[in-house]
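Same chain, two partners: chain A is paired with chain B first, then with chain C.
Let's turn to the complex of A and B:
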């Protein structure tokens, strides 16, 4: 009996310390994440203008029904989906290829890691400004492509055609974040025990078989992590599209949800409608986070 | 000892209270303009010296960022004491009653009417709301065409005679001046100021009899034929037409100052002269540039130049009364130097006295600007003018760049602007 009481109190003590350690993070998240989410949801139920001092009108779910009927909002969903699919798939494939390339080097591993990672350190605004200069009709992009394809004088309309401006936005994002995900893959690759490769070598497996039957399956949790992370990041993309439109690119092809939220709140002063849009984006992202949890539970790997 | 401690605390309390009562900090947010910064920093020093206990904190931001900085600050009830923006951006602050009306006594005028009398007629209308005056103009600007004479002569044109008087001539002259390497423009004749459609593009529609909003304010896009003609003109201008310019090329106004054979003409205000002088004094002094009026279409039904727009100094209505009074006093002090603003910054403060002064009349090409301004009207302003401008931009650029037909672009534009009007 006394043993049970003792273990019970130890458990309680442990739990208490657990709560103490977790409390700062919980408070932080409550203040800076949960409160803004609830506040945004609350604001989304009102017709509220950013500058007005008058009490806002309660309109229930009218902002949501307006958005679901708005062609502009559906265009933003389209632009976000196209950008996300067009960016996160190449990001996933190439970051894995670059990670394997770096890990296979015997020398200059640190140099390559630094070189690939450096664009991720740059602010998105600086990156987009650099690329705006590159994509100028008289800029380097046209010069390089025309030199490579021997097509002098062709304007590839990097920012001026609705298809090319979407591809350009994808290129900038890919360039900026491929290094970041490469580093995550490198960590995943480094955590695979060398003994497995040694055993397969004794069994006569070649590099290709090693990759397909050892590396790829054991890297599955990292691959899922990278795919979900990159997908969420792509769904939140803003600065590249914002700066492209400031640089004269047409808005509609790259009017992603975040850019639409920004315009609705800052240009149109309709904070209630912008909040409704951000709640919809939050639900979309929550769905993908749920997917991540679902896959990661069934794919735990033990060596 | 105890008594001594209480006396000590009392002295500290009194000194803090007295300091708090006399020391006032006025925050003043404005856009970057190096020429203005130089003279306004001097005005601040002089004002602070004449008004002990007052500190003016001047903060500058890029002209593209200041709108959102001020908006977010006001949304959080943390706006600055004094700010200025273009009237299209400021009007929402007036109708949402976020501003303090002009304190004529603090500003040194005997009455409110005296302020109206000091400025040219109509210029204070955009900042007059429900009988109250909410702003004093820092500058009133209209745009005309700047021409690089050397480039004209380079293609065998006489700039004094052959400058474009109509938009049709503008297209022909620009085509003659343009140098292309395949599809890429190496030199442009002229190019528009793309984001500012309300200032310079809507007047082109008005020349053909079109209108943005009906007189009763209920219907958007009047006279569709006029709109379609100007949209078609822009399609022809862009990369899918005669390829004379595009929003994706570097701003023509910035390149003009460099005199690098990049662009022969640009659309800008009197203030550009100060910037040419600062960026390229040799070009400024060379006499190789000139200014001509805003063109009109050959079959125009009205002679409408580019609209003029104002930047008005405004005062935050949520600040204490004392701050508001000092803010208006300081604004009036700055604005009591209109000739210095004109000669050092090349901006026009539209007082009757300045417009009639020898200083204004002796400014190069001031007559061209004055004549165009007399024919024009103030830019469209309303609570949703920023949104309407971006909807026009979407329509024009979809025609120029995305291959959308003028008819489809206009249909979408009309639907969206009408929705903005109906939502209020």
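Let's turn to the complex of A and C:
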């Protein structure tokens, strides 16, 4: 009897230590994640100006209805969606191709992995600054494209035309992150047991059949993970677009949501409206994260 | 019959050779495309501005034009503020890394090895914060920071990043396989729970700690958005803010611009080439976070 009581109290003591270990992190997240997101929602219901001494007016969902009618906000949605689709689809396709090609080599696997990953190591500000010079009218981008297309002396207006500046931003992002997703695909490929390929070889399958009927289906969970992760990344893009506009590119074509939030809050001082935009961004990203959880649970493969 | 088989064999080996060559060429071209901008940054940083934007670009610099680096460090106004800004980045990234590793290890250990009521809920709450993007809460965080008078200070730069959910998850996954028997043996020997954490857990989790520390350091070294909000003075700027400012200034020449970018990149590239397994491993770990 006494033994049971003793072990019970040891368990209780251990439980207390569990709480003690978790407590600092839990307090941190309450202060720096949960409180701010509720606060953002609360602030989005007010007309509130930064640095203003006037108490904020409660206006209900007016900020949201204003945004839904504002062409500027819809332009931001358009810019973000175009950027996300235009970046994540090439990212997905090329990182898969790179991973399969690298894994098919017997030598230099490590060299290619490091070479492709290296831009992800540079900071996004550095990346944008380098590409600003490459996109200069006299820069490398024009030189290469004119060489490839044999059209000497043509300026493709990488940062000036509203279509090209969007493509330029996508290229920077693609360049920076393609190696990162290649690595994730390589990990996914490496986890497919070799015995499956051996079995299919005995059955007389060729490389193409192997790829189509074994590799691709078994990579489905990794593919879904990569698509949603890259999509979430693209939705949050800020640095490239910010640097481009600082370097003289037109704002409207690349005015993504995060950039618009920043401008609305810091330049225009409209805290309520910026908070409403933050909440909309949060809901969009929540939706994609929910998708990720849903797919990653139902698509667990076992070999 | 035999002949036919032979011909088919030759044909497939010829085909596979063509495919083989195609893959090599593709991979090498892609590598050149991906490496070119970084090489451009380093070569351009050693050239006078007139050579940087020149048609055609000469990939091999004529000499070591060190004035670019001097100009970059000195700044256009001669204030040498870049040195202070680099120091700021180092301080912020180091403090954030240490605190993230420590708090993540603590929480990860608590979640992996202790059974307490509400543990599942706590874990879910912490993982839930991954769904809250920083971009969505930066405005309220900014308001709180200014209200507390922490804008333009180290505390303000550091506070929102003291720990993150990914770190807690990483450490928990790492500790969960740690044998309970060792911990119990230590308890029987009279070790307190804190002692166990300090003398058994921390020394035995070096790979996980290194991965998390490097990823956190790198993220802070890059951080643009938050410093852009909270920093006002030149003295408190971090490297990304200095680069933005340097780029926007009137008298900036392209060679010096690339020198400033190169200075910001060299330390992190050295760490990458020395410790690439932690970088690549970190990317891989991210993909397993669904567990």
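In the analysis below, the second predicted complex is superposed on the first by the 270 of 303 C-alpha atoms of A that agree within 3 Å, B and C clash if a C-alpha of one lies under 4 Å from a C-alpha of the other, contacts with A are read in each partner's own complex, and residues count from 1 in each chain.
Heads up, the rule we're going with is that a residue touches a chain if its C-beta (ideal position, glycine included) is under 8 Å from a C-beta of that chain, and two chains touch if they have at least 3 such contacts.
Remember, predicted model here, so these are calculated numbers, not experimental data.
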item: Fit-or-clash call for chain B and chain C when the two complexes are aligned on chain A; value: clash
item: Partner chain(s) touched by A:170 [first = chain B, second = chain C, both, neither]; value: neither
item: Broader residue contact with chain A after superposition on the shared chain, chain B or chain C; value: C
item: First (chain B), second (chain C), both or neither touched by A:246; value: both
item: Which superposed partner A:266 touches (first chain B, second chain C, both, neither); value: both
item: Which of chain B and chain C A:91 touches, first, second, both or neither; value: neither
item: Which superposed partner A:159 touches (first chain B, second chain C, both, neither); value: first
item: Chain B versus chain C as contact partner of A:102, first or second or both or neither; value: second
item: First, second, both or neither for A:49, with chain B first and chain C second; value: first
item: Touched partner set for A:138, first chain B, second chain C, both or neither; value: both
item: Partner chain in contact with A:20 - chain B first, chain C second, else both or neither; value: second
item: Intersection of chain A interface sets (partners chain B, chain C); value: 136, 138, 142, 246-247, 266, 271
item: Contact set on chain C toward chain A in their complex; value: 23-24, 26-27, 30-31, 33-38, 40-41, 44, 52-57, 103-104, 106-107, 109-111, 113-117, 119, 122, 125-126, 129-144, 159-160, 162-163, 165, 168, 193, 197, 218, 221-222, 224-225, 228-229, 239-240, 243-244, 247-248, 254, 257-258, 261, 264-265, 268-269, 272-273, 276, 279-280, 283-284, 286-288, 290
item: Sites on chain A touched by chain C in the complex; value: 11, 14-22, 24-26, 28-29, 32-37, 39-40, 43, 98, 101-102, 104-105, 112-127, 129-134, 136, 138-140, 142-143, 175, 178-180, 183-184, 187-188, 222, 225-226, 229, 232, 235-236, 238-239, 242-243, 246-247, 257-258, 261-262, 265-266, 271, 274-275, 278-279, 281-282, 285-286, 289, 292-293, 296-297
item: Residues on chain B engaged by chain A in the complex (per definition of touch); value: 64, 67-68, 71-72, 74-75, 92-93, 96-98, 180-186, 194, 239, 246-250, 383-384, 386-387, 390, 393-394, 397-398, 401-403
item: List of chain A residues in touch with chain B within their complex; value: 49-53, 135-138, 142, 152-155, 157-162, 246-253, 263, 266-269, 271
